[in-house]
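What follows is one structure encoded as structure tokens, with my remarks underneath.
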Amino acid sequence: MSGVLTRYAYLGPAGTFAEQALRLVPGAADAELLPMVTVPEALGAVRDGRADAALVPLENSVEGAVPPTLDGLVRGDLLMINREVLLPVTFNLYAAPGADIGSLKTVASHPHGLAQCQGWLRENVPGAELVASPSTADAAEGVLRGDWDGAVCAPVAGQRHQLAELAVNVADNASAVTRFVLVTRPGRPPAPTGADVTSLVAFIAHDRTGALLEVLTEFAVRGINLTRIESRPTKERMGRYCFFLDCDGHIEDARVGEALMGLRRVCADVRFLGSYPRAGADHEGDGRAEPSDDDFADAAAWLERVRAGEV
Amino acid sequence: MSGVLTRYAYLGPAGTFAEQALRLVPGAADAELLPMVTVPEALGAVRDGRADAALVPLENSVEGAVPPTLDGLVRGDLLMINREVLLPVTFNLYAAPGADIGSLKTVASHPHGLAQCQGWLRENVPGAELVASPSTADAAEGVLRGDWDGAVCAPVAGQRHQLAELAVNVADNASAVTRFVLVTRPGRPPAPTGADVTSLVAFIAHDRTGALLEVLTEFAVRGINLTRIESRPTKERMGRYCFFLDCDGHIEDARVGEALMGLRRVCADVRFLGSYPRAGADHEGDGRAEPSDDDFADAAAWLERVRAGEV
Amino acid sequence: MSGVLTRYAYLGPAGTFAEQALRLVPGAADAELLPMVTVPEALGAVRDGRADAALVPLENSVEGAVPPTLDGLVRGDLLMINREVLLPVTFNLYAAPGADIGSLKTVASHPHGLAQCQGWLRENVPGAELVASPSTADAAEGVLRGDWDGAVCAPVAGQRHQLAELAVNVADNASAVTRFVLVTRPGRPPAPTGADVTSLVAFIAHDRTGALLEVLTEFAVRGINLTRIESRPTKERMGRYCFFLDCDGHIEDARVGEALMGLRRVCADVRFLGSYPRAGADHEGDGRAEPSDDDFADAAAWLERVRAGEV
Amino acid sequence: MSGVLTRYAYLGPAGTFAEQALRLVPGAADAELLPMVTVPEALGAVRDGRADAALVPLENSVEGAVPPTLDGLVRGDLLMINREVLLPVTFNLYAAPGADIGSLKTVASHPHGLAQCQGWLRENVPGAELVASPSTADAAEGVLRGDWDGAVCAPVAGQRHQLAELAVNVADNASAVTRFVLVTRPGRPPAPTGADVTSLVAFIAHDRTGALLEVLTEFAVRGINLTRIESRPTKERMGRYCFFLDCDGHIEDARVGEALMGLRRVCADVRFLGSYPRAGADHEGDGRAEPSDDDFADAAAWLERVRAGEV
């Protein structure tokens, strides 16, 4: 990533959580914001140069991974994650001004929104039909259009259209957080900060016994903490998966670099997705001292001396 | 699972792929079929006794895991998988009689259907708005209701409503397969067949280093082939996951029983989801001879002799 | 091991460290003691019934393993270790009455004795020729016979022959300890005490990759602490070894029994050498809580319930 | 190792197997040969500059490791193995001219010689007393001196003193082989040949769980075949060992270098003992393709590109 980013694509329309998250990226507020209808389109805009970066959701602490983002990162031209943004998710229920909750016959939201609020909706709007809309922002707009009566969406969307706020914080799990990632065309990763994440995709060789165990061992033997493992089908056939892995550390760290080389040797393929600062204090270490780069540098210097016969 | 199953819940409405899959279950054709609106409702019907079993989708070879099924199996009263059904997925495009493809302004399908056909739709119905419907069957009914112009759904749904078949096999990936599982209240698993799957959920202890590696080692050390690993958030906080694991073998197999005991010891919790016959020939072994139960029986008999001092 | 042991073979002649160690075995003082010339003869006396037990040295904290004992345990009819005895080794220098240290031209000891005292001898008896005798007791007797001038041996041997004690504690490493084991014909091992050792020999399959790693993993996966690993050639050809392993725990412990069954499956052969109380407080644990038998019993009960469908 | 070696120490006296082995080292025949009484003295001669190299026995396919060599390599100034020599061991029985086998009352040999021929001696010279001599060559000389009647030694020793050859090939195990190593002061190891051995000593950290398993994993994860593992007491206290390891490959190989760095990080200490050509065809691989240096170079180049953002 080099130069100034001036055009940011994001999962639109305006008023989604993605826009809220994007406003947390330094510099984005002054840049050109390009709402996109789908994650593949947002990623495509970066790939074809219409945008410098795209902010897309990667996972949610309640709903889990966002498959279109994973699939969009693993196929097509290589992209690189430069930053992550953690956004607490707040869903409110909005309707046309004057409406009350008992009158709602249809309530729309993005399927994830419906899923995260289904307990509340079943209890508080028991008779309403639930409608899947392409985005939470579209759910709000649909109220304006008269497509449905109510919308479960981000506060920013309801407020933008001056809808009536019938209920706040209607998610079943109040502490839900969405993790967004800022994606660019590939380049040199941002400099290590000492608290970084490295993301990659490992395609294991299916004709080798215990291939996934081998992959995890490449990290364990070097004292690297894996923070996430997510399988996705390779779409070739049932039973074939690739693995999205996040680990502590930066590709510039000796231990991470060595582990990546190990993966490169034992895997059918490896796609590096980026090294970037870990957001928030939400990550808990496992209480074990990880080997420092000093340990690796000491070992490398020792090897150099021994190889040269200088003891 | 004991006794005859007479009432089957499934992810409805009538006309979905789930119904097609259910018709492949021996005995189901003569039983009472109960279409349910959501996966949680189908599972709930089994839990509260309204149904004897539920057929729900677990994963798709293109779209990956079905989160509501995973979340529904891991929470609430224990349920047990008794059977798996692999169904090749065929999507056709239907519309009202007399319509032609150029006239479609809106096309609906379940979000998975839209995802799996998005390439074809973008190319062949470029101007149409894509609408997310709660099911592919509902997409077909919506055409009848006049809610939208076209529906991407299973052949059985289009035919049921005598819609016009505008295109067949419109999925981007023609070989997509959905894996359904038949779920009952817990009981003694079906007898081993020699080609079985065991499914479980492992909750790893997050304060122990390398806990996932330990879990995989419990299988590897006993020569058991893991065929699937799927993480899901525990919903407590970002970065906490549980792991859905499928392995070759049956809980009655000595090697699988011993591995399960090992998991029970090293994991914070283990939920056994069932042992059942592997469907189809779609599974490929890794070419390694797995230890047989004879090997385990021989070792146990030897231990008995040695402990008793009879050599 | 059953019944009362009345005849004990040991590595003689009378006056060796083995006799000193044997006197620490409860009941041995009142039994018939049979000094044997070599370790193979002592073991042979047990095998052919001339003795009920044999006390032989297994390892020394300075000199390491005692190969004839290892080789004698791994070949021939199975024998079983019932007890270990740790004996601090004290070497003194003896000569004929009236001799002084400057007059010694030849000094004899068992090769291990010469090895353990070589620094002291080189410094304090620099001109003396060092002679290898079959035992330290024979070294003392040789002084009487006039075969050599001095003997490095156990106090009990010098005192028995009323030799002159020219120096005490002449070992280079004052804290040397020899570990003896009491060996019988096979039978039911002594009951667990809560602080036991299990000894065995593993013959790894040489055509399998990482076979030794597999062996160690069988212990590690069950939380069992290995306290000793010793390789010995199988004598078939250069590069073929078997492995003597000691671990914490008793064959009656669930975790040890399960690990032994695992070894039985992955190894070409396993020879169980015994489970017996750990002597002394010389063993340090690794500070990790080992899984208790309760953990194993809980896991087994859980498996039983799950298999039976009783949840 | 640099320059021409002109003075070779070896485990003497002249006429031992070590001399026979030394004559197999290119250039040694024309050099100054310095027989030493013990292994520590031979190694000391290299350390203090009296010799350029020492040939000492490391292990025997029947008797196992040679403890004084291991202990001499692990303590004191660092030494380096530059070559290994495999010597088939042939023991003959010699006596004074005119003697016959029935008249032998005492037969001498080095304890290893007695051990390797004990079955034959017991059967063929049943009444003779067996005497431990400091070397097999000394056993031959002792016949000349009149110290004993017979000597079990190398042909070269019997022939040197024109003794009568009473029996040939009297070892119980006819195929015994001794592995000698040529040791120098440290320097740059000899260049890789493609079939090399690397020897080292690992001191594991005793307060870390599973430390030996970690050590073996450092090799396994990089596809390196371990050919020998030998424990020796550290002499601090009972139960503390260090591990002598031999593996396939050369320290200049990327995979071996990386494994050594890994050991350096996880072990309390590592002593590199040398990389040198593997002697003979006596080594059997495990049939697995080891990763080549090309695999490592490819992975390193890939990492370089990814780090630089050049994809």
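Going by the order they are written in, the chains are A, B, C and D; count residues from 1 in each one.
Going forward, a residue touches a chain if its C-beta (ideal position, glycine included) is under 8 Å from a C-beta of that chain, and two chains touch if they have at least 3 such contacts.
In this text, all values refer to a predicted model and were calculated from it rather than measured experimentally.
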item	value
Chain B-chain C separation of Cα centroids, rounded to whole Å	57
Between chain B and chain A, distance of the C-alpha-averaged centres to the nearest whole Å	25
Separation of chain B from chain D, taking each centre as the mean of its C-alpha atoms, in whole Å	60
Two or more partner chains touched - positions in chain B	217
Topology of the chain contact graph, where touching chains are joined (line, ring, star, complete, other)	ring
Chain-chain contacts as defined at top	A-B, A-D, B-C, C-D
Interface residues, chain C side, partner chain D - complex	40, 59-64, 67-68, 86, 111, 115, 118, 130, 132-134, 173, 175, 177, 179, 206-210, 212-213, 216-217, 220, 226-233, 235-241, 282-284, 286-288
For the chain B and chain C complex, residues of the former touching the latter	1, 78, 80, 186-189, 214, 217-218, 221-222, 251-252, 257-258, 260-262, 264-265, 272, 291, 295-296, 298-300, 302-303, 306-309, 311
